[in-house]
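A, B, C and D label the chains in the order they appear, each numbered from 1.
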Amino acid sequence: MSISVKQLREDLVGLHDQLIRWGLVVWTAGNVSARVPGEDLFVIKPSGVSYDDLTPESMVVCDLDGNLVEGDLSPSSDTAAHAYVYRAMPEVGGVVHTHSTYATAWSARGEAIPCVLTAMADEFGGEIPVGPFALIGNDDIGQGIVATLSGHRSPAVLMRNHGVFTIGKSARAAVKAAVMCEDVARTVHIARSLGPLIPIEQSDVDKLYDRYQNVYGQR
Amino acid sequence: MSISVKQLREDLVGLHDQLIRWGLVVWTAGNVSARVPGEDLFVIKPSGVSYDDLTPESMVVCDLDGNLVEGDLSPSSDTAAHAYVYRAMPEVGGVVHTHSTYATAWSARGEAIPCVLTAMADEFGGEIPVGPFALIGNDDIGQGIVATLSGHRSPAVLMRNHGVFTIGKSARAAVKAAVMCEDVARTVHIARSLGPLIPIEQSDVDKLYDRYQNVYGQR
Amino acid sequence: MSISVKQLREDLVGLHDQLIRWGLVVWTAGNVSARVPGEDLFVIKPSGVSYDDLTPESMVVCDLDGNLVEGDLSPSSDTAAHAYVYRAMPEVGGVVHTHSTYATAWSARGEAIPCVLTAMADEFGGEIPVGPFALIGNDDIGQGIVATLSGHRSPAVLMRNHGVFTIGKSARAAVKAAVMCEDVARTVHIARSLGPLIPIEQSDVDKLYDRYQNVYGQR
Amino acid sequence: MSISVKQLREDLVGLHDQLIRWGLVVWTAGNVSARVPGEDLFVIKPSGVSYDDLTPESMVVCDLDGNLVEGDLSPSSDTAAHAYVYRAMPEVGGVVHTHSTYATAWSARGEAIPCVLTAMADEFGGEIPVGPFALIGNDDIGQGIVATLSGHRSPAVLMRNHGVFTIGKSARAAVKAAVMCEDVARTVHIARSLGPLIPIEQSDVDKLYDRYQNVYGQR
């Protein structure tokens, strides 16, 4: 096992903990994966294992067709979708899938989340879009994710009647996008439930997005 | 005490912890029971005891008429309902009862939860049905559970103006059903509160249910 | 200090922890008191102290006029209301006050919580009533509590535009009533937000209340 | 480093923990600052650092123009707004910024929170006002905060489509205002979602505010 895979296995335990900490998942739903830099491989959660039982060793390694390469357990049932994204989007280093409550609620109405918060302009650069309804079992989900997010600012897509997929340069960035997606899904839902929302002008959304992507955080 | 009962007593402590962890219960409400394999017995939570005070020793063993067979405390006030289910449904190995918030809210309107999420198709195979209003004190609740769930895909029933009962091959499976029931009750409630929901076609529900029951998790 | 007061001081630390655990209070809002058996005294939380800093020693003892009798800190600003209840209702051994979210929301509309859940019939024996609007600083709040709860089955009153007061034979019973009050306030709110509620017939409410008060729990 | 700055760095770790504890922030959003008594300086959270990684040493010191004076990390991206408040309002000793869910939801509709709870009259002395929409990057946010809160009883302002800023004599007082702001934002939102609210008469609001500011807590 290369050092890199070893480190990614450890990172994934901590990142799955973040899904729990911020309330994005229950029971065994939800999964995080990380591309192995420089190799046609990614590391992902095993299928149907409780968050309490996740260890670095329990994580599994797959090739970009989703075939198990290393590990004792079956990979996540969402592995094909992760694999498709890594094949189609070489800039993506991490993928997250959750059924987080408010984001999934928007998806059950097939409705994009409108950009009415500066924090949403920062992270998503506009609305969070809806992807198609797709069954598990082939590449339909992966294709829906890639078709929706390619050329879109948002790192998050609401797959219709299903849940959220997020992408990022790293698994940590994808987890951050999943956390922020649920946060804005919740706030915008609550806001709209008592009356109309005030939109943010597109030119202001653009300014906020540009600044956040280039200035925020530690250099 | 047989090994089997000893193990079930320990398992039940951990499973009641799961009810707390996923926010399904407050104070002393809610209970889990497990059938003793190969015997006409089940193990269940004692009545009115705080979750913090639950120990393997505090769990009680009842026969399938709900009579106390082993243990120092009175069995849960819901014991008769659990017992009726074990008598009528020999395939059931575990029963859970909660007043989890969103599921109970659907029950107070007497409304089934429509299947608009793929996760709901996976676990419940369609809508989560409503059972009759029934008073505690005889077999009415048990009969209502069994009449509603017999021949139904859903392992969960919303007993009208009351709360949720779930069944499973094991107590752990019944707890999982209770956790997923509240999760989808919450998501579908929130989704519908801002507009109409998009249904999932029955043929797609069938495909999802079939796949999840036969493929998901570790073999 | 009598043994009894020493024990009550310790109990009150644990009972305030329950207010936090079940999400009934933020910051320093909310307080629990306990009557000293056989004496015209009660023990109560000090004013404006964080829950993390509460110790048995920080609790204060007051007489039934609300005057500080023992302790280094000022008693809760709600002490006069607690004192009034102890003077007027000799059967009361504990009083709790919170601004728990859903119960307080009902109070801001001046609306009683209708009895549409069997758990509510069990604990409250019917609706949870609204008390009058009253300012702090004299006996108005105490009088409003006593006028509303005297001869009423409910151990909880929603003081208009303010929050919840609960009573019980012991401080623990009053805390339980506060926990259950918020739980049913939340569930009934959520239920009603998507459509009309199904009422429970009064004769069934009566049966449930009678059974729960006389049969539930350990003998 | 003066003793005073050392103490403030430690205090800020604990106060950021309070933002997490009371559910006001996710990921790295939200920040607390404290003026250094007697100096034209304040201590503030570094930008984009996780709450788990915050230590006294990671906090940074800025002058009142928002320039970094001491510390290894970049200051919060909201530093300019904090600095403007300290320059314009000499009585302010602490500033807090969050995107707490319910308060931010009110801001996305551009709607002030009406004073319908006694706890709100106590802490805010009336409604919680809305400030203007303002982009990050210059003094617009700071000016909007100061213009809204100057001469207003409320220590909290809902910046439109953005989130909450609170002020206080100390950083702890500003954190308390942020906690109470979210608490009343949530309760009033929930109350209004099922019907009209009962207002509190202005003369009663005045009495409550006066009493709470002068009597509550330990002397």
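Everything below uses one rule, namely that contacts are C-beta pairs under 8 Å (C-beta built on N, C-alpha and C of every residue); 3 or more make two chains touch, one makes a residue touch a chain.
Since the structure is predicted, the reported quantities are computational estimates derived from the model, not experimental observations.
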Q.
Suppose a student superposes the Cα atoms of chain A on chain C; what rotation angle should they report, nearest 5 degrees?
A. 180
Q. At the chain C/chain D interface, shared numbers over all numbers used: above half (same) or below half (different)?
A. different
(Q) Centroid of chain A to centroid of chain C, CA atoms only: how many Å? (A) 44
Q) If you average the CA atoms of chain B and of chain C, how many Å lie between those two points? A) 31
Q: Send over the residues of chain C in touch with two or more other chains.
A: 193
Q) So which chains end up touching which? A) A-B, A-D, B-C, C-D
Q. For the complex, which residues does chain A have touching chain D?
A. 22, 116-119, 176, 179-180, 183, 186-188, 190-191, 193-198, 200, 204, 207-208, 211, 215-219
(Q) Touching residues of chain D toward chain A in the complex: what are they? (A) 26-29, 46-49, 73-74, 77, 99, 101-102, 104-106, 108-111, 133, 135-137, 160-163, 189, 192-193
